[in-house]
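Written below as structure tokens is the structure these notes are about.
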Amino acid sequence: MPWLSTLMGVSVLGALGVTLVRNDKLAKQFTLVVSLIVLALTVAMAVQFSPNGDKFQFAETYDWIPAFGVHYGVAVDGIALVLILLSVILVPIVVLASWHDAEKGKRSVRTYFSLLLVLEAMMIGVFAATDVFLFYVFFEAMLIPMYFMIGSYGGAQRSYAAVKFLLYSLFGGLLMLVAVIALYSIAGKGTFMFSDLVGTVQDVTTQKWLFLGFFIAFAIKAPLWPFHTWLPDAAAQAPAGAAVLLVGVLDKVGTYGMLRFCLELFPDAAKFFTPLVITLSVIGIVYGAIVAIGQTDMKRLIAYTSVSHFGFIAMGVFAMTTDAGAGATLYMVNHGFSTGALFLIAGFLIHRRGSQFISDYGGVQKVAPILAGTFLVAGLSSLSLPGLSTFVSEFMVLTGTYQRYVVPSVIAATGVILAAIYILWMYQRTMNGPTAESVKSLPDLNAREKWVVAPLIALLLVFGFYPKPLLDVIHPAVKDTLSSVSVTDPGAAVPVAKEGQ
Amino acid sequence: MEPAEFIQHSGGAIGVAWLMIAFPLVGAAILLLGGRRTDRFGHLVGVVMAVASFVVAALAFVQLLGFQPGERRRLIPLYDFIPGMAKVGLLVDPLSISFCLLITFVGSLIHVYSIGYMAHDPNRRRFFAYLNLFVAAMLLLVLADNYVALFVGWEGVGLASYLLIGFWQHKPSAATAAKKAFIVNRVGDFGLLIGIFTIFATFHSLAFAQVFPAAHGASQGTLTAIGLLLLVGACGKSAQLPLQSWLLDAMEGPTPVSALIHAATMVTAGVYLIVRSGAVFQGAETAQLVVTIVGVATLLAGAIIGTAKDDIKKALAGSTMSQIGYMVLAAGIGPAGYAFAIAHLITHGFFKADLFLGAGSVMHGMNDEVDMRKYGGLRKVMPITFVTFLIGYLAIIGFPLLSGYFTKDGIIETAMEHNAVLGWLAVIGAGVTGFYMSRLVFMTFFGAKRWEATAHPHESPAVMTWPLIILSLGAIGLGAFLIVGNRFMTFLAPAVGAPEELPTFNPFSLTGLVTLALVAAGAAFAWFRYGAAEVPAVAPRGSFLTTFARRDLYGDALNEALFMRPGQWLTRLAVFFDNRGVDGLVNGLAAGIGGSSGRLRRIQTGFVRSYALSIFVGAALLAGAWLVVGNL
Amino acid sequence: MNGTIQAPTIEYALLAPMLVVFGAAIAGVLVEAFAPRYLRSAIHLPLTLLSLAGAFALTVWQAVKGVPTKPAAMGAVAVDGPALFIWGAILVLAFVSVMLINDEDHFVAAAAAVPGSAEEEQALYEGAAHTEIYPLVLFAVGGMLLFPASNDLLVAFVALEVMSLPLYLLCGLARRRRLLSQEAAVKYFLLGAFSSAFFLYGTALLYGYAGSIDLAQINKALGAVGGQDTLLYIGAAMLGVGLLFKIGAAPFQAWKPDVYQGSPTPITALMASGTLVAAFGALLRVFWVGLGGLDWNWRPVLYAVAILTMVVGAVLAITQTDIKRMLAYSSIAHGGFLLVGVIATGTSAAQNTSALSGILFYLVAYGVTTVGAFAVVTMVRDAGGEAWHLSRWAGLGKRSPLLAGVFAFFLLAFAGIPLTSGFFGKYAVFQAAVTGGALPLVIVGVVASAVAAFFYVRVIVLMFFSDPAADGPTVVLPSRGTAAVVAFAALATVVLGVYPQPMLDLAHSAAHSLFVR
Amino acid sequence: MTTHYLVLSALLFAIGGVGVLVRRNAIVVFMCVELMLNACNLAFVTFARQNGNLDGQVIAFFVMIVAAAEVVIGLAIIVTIFRTRRSASVDDASLLKY
């Protein structure tokens, strides 16, 4: 069964279907059902994935544009699989969370949900693409639905934010296009299939230039310091649901791209640039966190926390140890859930009070304890509290990095302290203290909102204590990636007795 | 005597040791997820879960005693937590079981006590949920068989502590204190994390059973680094210098919390960590030296702070700092000190919980007044509280034959043998303890009544006094039970090792006598100042030293000047830089292109002749370029 | 010689498409002369469309039958693969443009009447119309067909004039804003004539250099003739001026915004699509065939021109407030992107083929999209005619989501977003350029694309993210022709964006044999 | 020998070109363009002589025809705008700009 095509097909047909439904409420329900079907299908696919089987599974390859050597090639390895799972899990949650978001501005509700499903198809496609060109196509094309979601349904500064988002990403993408073209012509294989391109560029100088072309695009997308300034604007202006997909999934394409393309296609260049990337990541971690502390706008604050978190992910990718790589991949998934929860709950709060500014709140815990409690849990996941899944990934990234780069990982670990400051200070200012007059009559979470938050928190908890199912899938893929970069994990200085001896 | 081998275990109460964690965890889950529906019986669920946990701990203890001493380190594997990095399991050995008993027993008592103490709080259910959560996390911390799981518990107790300090979150001071506790603890955790990284990088394992036997193989430098980093973690959690500042603020939490978390159990986790990682510290003398210095410095600092506080809970908090300083000091000495450190930890758990709960009982009767200057003469109206408090007091100052006498004296003696300077400083600390604890008792229970007009002090209900009574029994007898005949040292030996030559208890050693004399002098001085003399309702200005102590040795001021203000300044700078610098560059580039577009379009004048000119000039340029290229 | 003049051999079958168009044009003139006024329109439209369709059919037939390998008409006209492809493209674009032109509302009632005068009132009242438009368009299209196929410079010059002269007139025939329209006509005419003089002078110099105006002969002479290099270089440069003027390359771009803005929108559509395609065809033929041996010489020059064109087009478009002007600058930028492809020649035939097929694909993709975009512009109206000012387009997405959506889609295609035709066009050209070693040019190209994206996106922002003005423009109910044009353009943009393979194959097979010599 | 003619042709072309740039009257501008075309003709004829074939002379005839056609169109346009604006100055027609 062509699983991946089916997933995308269902989403796209769903998107078309939504535009045909006349009634807004029906359209929402329809979208929810479609996204749940996609989720169910993905889960059905995921259980058939054998972690130690072929590297790429569920592969489908057809010629698309033979003139350019372009294929419609999709398949997943462990890394792609978990990211697709992340995407399809978040979509129904976002649909449910955005139930009333599109209604504010008298904009078309159906369009919003239709865009959401289009985006879902593209998110699946971008992670599943095994053809570099196809990846690029999805990479760029997925900007458009997000652009419309931010621009049409966002906050007051929405068009500025949307344009900035689009142009910044487009700029990076175009640089990548040059590199893609150059890769094709240098490889001279007449094909864009990833597996055929691996190892074709031998010259190190060429590798470096091509690497930069790809990397800058991914660094903008991720976003890595200093290419991050579009994110706070975009995330703050986007409706909460779109912000979740933007930060939770779209940005992961950047770090995913680094892991998949920058490392495997240009191993020597990747090694050459590792010090630079690690430095940028570490700066991003600390800087993002410090700037987050100084924010007055909740959504901007969350966006800056993500800048910090993406620093961790990039650092893990480029540390080039199995632990760090697997940790970084897991981080991508966990961060999706964690930031997703934060954005959504902050969105609920903002929706109630109509302000994004922290200073407009205070003492919400008293009037809306469930909202406050879930917000705290989401916040704690952002500061990587053990017991929540984000801890596992951050721990793995830091431990893995420490094995090779001691000083960077130590500096990065200060992010642990800074995270506590930005999260708890925000929590204190919004939720604690005497109840502010303006929030006295704030209602607590309703049933729909609880259904939005519950699965996220459940996932955070379950993977916090039992990340093995994900890691079992991720590990072989990461090992494979690193072996194609031909790096080996540093060994132990002091051998220990193995278990059972 | 070297520690025993690790043995895989299954079956019996030890085999289901995870139930100890599971019970309170389930309790917390029921209470949190159940919401208001569980309001009516929530506190009972909490108590039952804590007691159930105690029962499992007790049964496990009994089972453990059934093994030969050399076979008392039992590993119970649970599951693969982080594949390739950490398999999670439990380690039941004399050390962990001691903690389990302390935590579950004192914890259960405090649960019971809280039923009364929190009776009128609308959020009592939530309080019990957090207490249960704490117990579960604390048990995970001590039962974990590897550093990751330990860290999970470590942070878990931090979370519970955060939630409980800020339980009355509507008070800004409570919310701020909670946040401060968490953040300062995070600084410690940062050190602990790096320590764990180093362990993993060195051994490629985080399991105690693999790391400890191999520890001697690592280089001195590595072990020192690990030791110091673990110490940073311990300092955070155990409020040792320089990460002590949060503990005093933490008294914003309800008093049972102060008793359980910030006196009896959580704050001693640092001591646990150091003792548990003995294999690492014993290979790193420098690290051990630093540990002892930190311990001594903190025991003195805590004692000094305790002398100046009028807030009964803060005075006790200073005392807690000081007592943990003793434990850390002992833990830094090595196997000779481990047993005393843990023994003092246990007895301290009893008498300090007793004192805190007693203080809570007083506050309960005094409309939550905490200022001792508004107490006085309470012994008559609160007889049970008074008696139990008095026992706790005598225990802590080291009154002969009570618990503290044995355990603290053990520490001082060992320290004296290890390093005379440290030993004498510890003795001085004991003297100061005698003063500030006496001051506290005299101001509270003796002298004239200085109550507010609205106060109607009364004895607390039985649900609160019974825990006091039980705890005070522990405060009386536990020390002798553990120390006499080196019972505890022998018991712990399989877990932490013991010196080849067991110490002999000498009640008439020089050190012991001097200590007693100093304590007596301190108590007497306190009597003259606060027992016999009138206590002014408002604290006198006092000397520079008094202010120094009142202001927590300027710890907060130092933090503020060194970290907070520069931090705020840095934050503002970073935000400004981000908006104007990084983003400014991006926007500036865009504006630059837009601006040049605006200027360049003026070239398009609209006059056809100027267009013709551009064609003419263009043609000339084209021809010129062609010629230049052609003739190259 | 001997006093006997041999009759030239003319391959009428090969030239049939052009002959059909020219024949129909002449027939159109006769219709003007003899048919009664009320019938003219009814005759012209079918005549024009049928002739274009017929010419297209003949072109297809020609292509199916087999592409000739020798120039036709005594070496004057080369009907080769690229020419046939370009013919097909021009004919399709002309066909759809005529469907726009058919909407007579765009053209002046009486060109001779002074704007605002009583005569004009009268003409309007009578419903007069200049039906000469149709034969003029056919003449222009005929010129467009001949221009890229001309194999010697004289034919090229004549074709250039045949193409341009009717367009000069057509530019001045707008129904509304007649002052602007007339100004556009004057400017276009004067500058066009000026530039064709350069073209002619270049022809003269090359004739002097090579002794022939036949492109193949000139190329042959490049190596053989010595000592007259200055003549050659200046001649080639002058020729270049004429050609670059037509495609609107900087610094010869100045006419484009003014003329595009002032002309009747359907004519703008024809110019932006058909003329551009024809001019690029001619440019390629002249440079690749006539000056092919001189590529080491002209490549650096065109390199600079391409960069300047892309930058000027992209940067100046940013601050435009008039939709047609903005599209004009966009067309300049696209001309620059296409020039990148012209430079992407190489030593191997495969490289040249891929560059040529890339350009051909780009021309089709851009042409179709641009006609569609101008068709949309004709539909957004104010009281005074088309609403050109961008601020008037605010909130169009809310008033008329479908139209705005289609227009946004065209804009995204211009910007080169994947899954639109514009992306593959740009990709094809850039890929050829990278393979040809012009990487720096491609980097400038993508940076310019990013800048260009800004103003496309800005229009989308206006249409969708801004609130509509209270007295915003109305969207007229499109005539069947206009609707068909928009639908066709949208469909083509989608199909070429999602499944470009057939068109790429076509372009490739057209380019495969390259230009005949 | 033919060089003089070529120089004259170039001069005429340049004069025509400069005339387009400096003259305001549309008719005069247009005449300058015609001058440029005639300069081309002179060059063609000269080169024909130089190259010894007739092509150049034939071309000159073609150019004359084209120039005539251009005149027709050009005058029509110029007259129309003159009627509207009552001015033949090309500088007056500058509404379309920037």
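The letters A, B, C and D name the chains in turn, as written, and every chain counts its residues from 1.
Following the convention adopted for this analysis, a residue touches a chain if its C-beta (ideal position, glycine included) is under 8 Å from a C-beta of that chain, and two chains touch if they have at least 3 such contacts.
Everything numeric here is computed off the predicted structure, so don't read it as measured data.
Following the contact convention of this document, B is the list of chains adjacent to both chain C and chain D. Central chain by Cα centroid: A, whose mean Cα position is closest to the mean of all protein Cα atoms. The geometric centre of chain A is 36 Å away from that of chain B, both derived from CA atoms. If you average the Cα atoms of chain B and of chain D, the two centres end up 96 Å apart.
Look at where the CA atoms of chain A average out and do the same for chain C: the two points lie 44 Å apart.
Averaged C-alpha coordinates give centres for chain B and chain C that are 78 Å from one another.
Residue positions 17, 20, 29, 90, 93-97 of chain D each touch two or more of the other chains. In chain B, the residues that touch at least two other chains are 590, 601, 604, 606, 608, 612.
Counting only residues that touch two or more partner chains, chain A has 167. Contacts between chains, counted with the stated touch criterion, involve the pairs A-B, A-C, B-C, B-D, C-D. The part of chain C that touches chain B in the complex is made up of residues 186-187, 190-191, 194-195, 198, 229-230, 232-234, 236-238, 240-241, 244-245, 250-252, 254-255, 257-258, 297-298, 300-301, 304-305, 312, 315-320, 451, 454. Taken together, the chain B residues at the contact with chain D in this complex read 601-602, 604-609, 612-613, 616. On chain A, the positions that touch chain B within their shared complex are 164, 167-168, 225-226, 228-230, 287, 290-291, 293-295, 322-323, 326, 363, 365-366, 370, 373, 380, 385-387, 391-392, 395-396, 398-399, 402-403, 406, 409-410, 413-414, 416-417, 420-421, 424-425, 428, 431-435, 465-468, 471-472, 475, 490-499.
Chain A makes touch with chain C in their complex at residues 64-68, 107-108, 111, 136-138, 140-141, 143-144, 147-148, 151-152, 158-159, 162-163, 166-167, 170-171, 174-175, 177-178, 181-182, 184-185. Residues 590, 593-594, 596-598, 600-601, 604, 606, 608, 610-612, 614-615, 617-619, 621-623, 625-627, 629-631 of chain B are the ones that touch chain C when the two sit in their complex.
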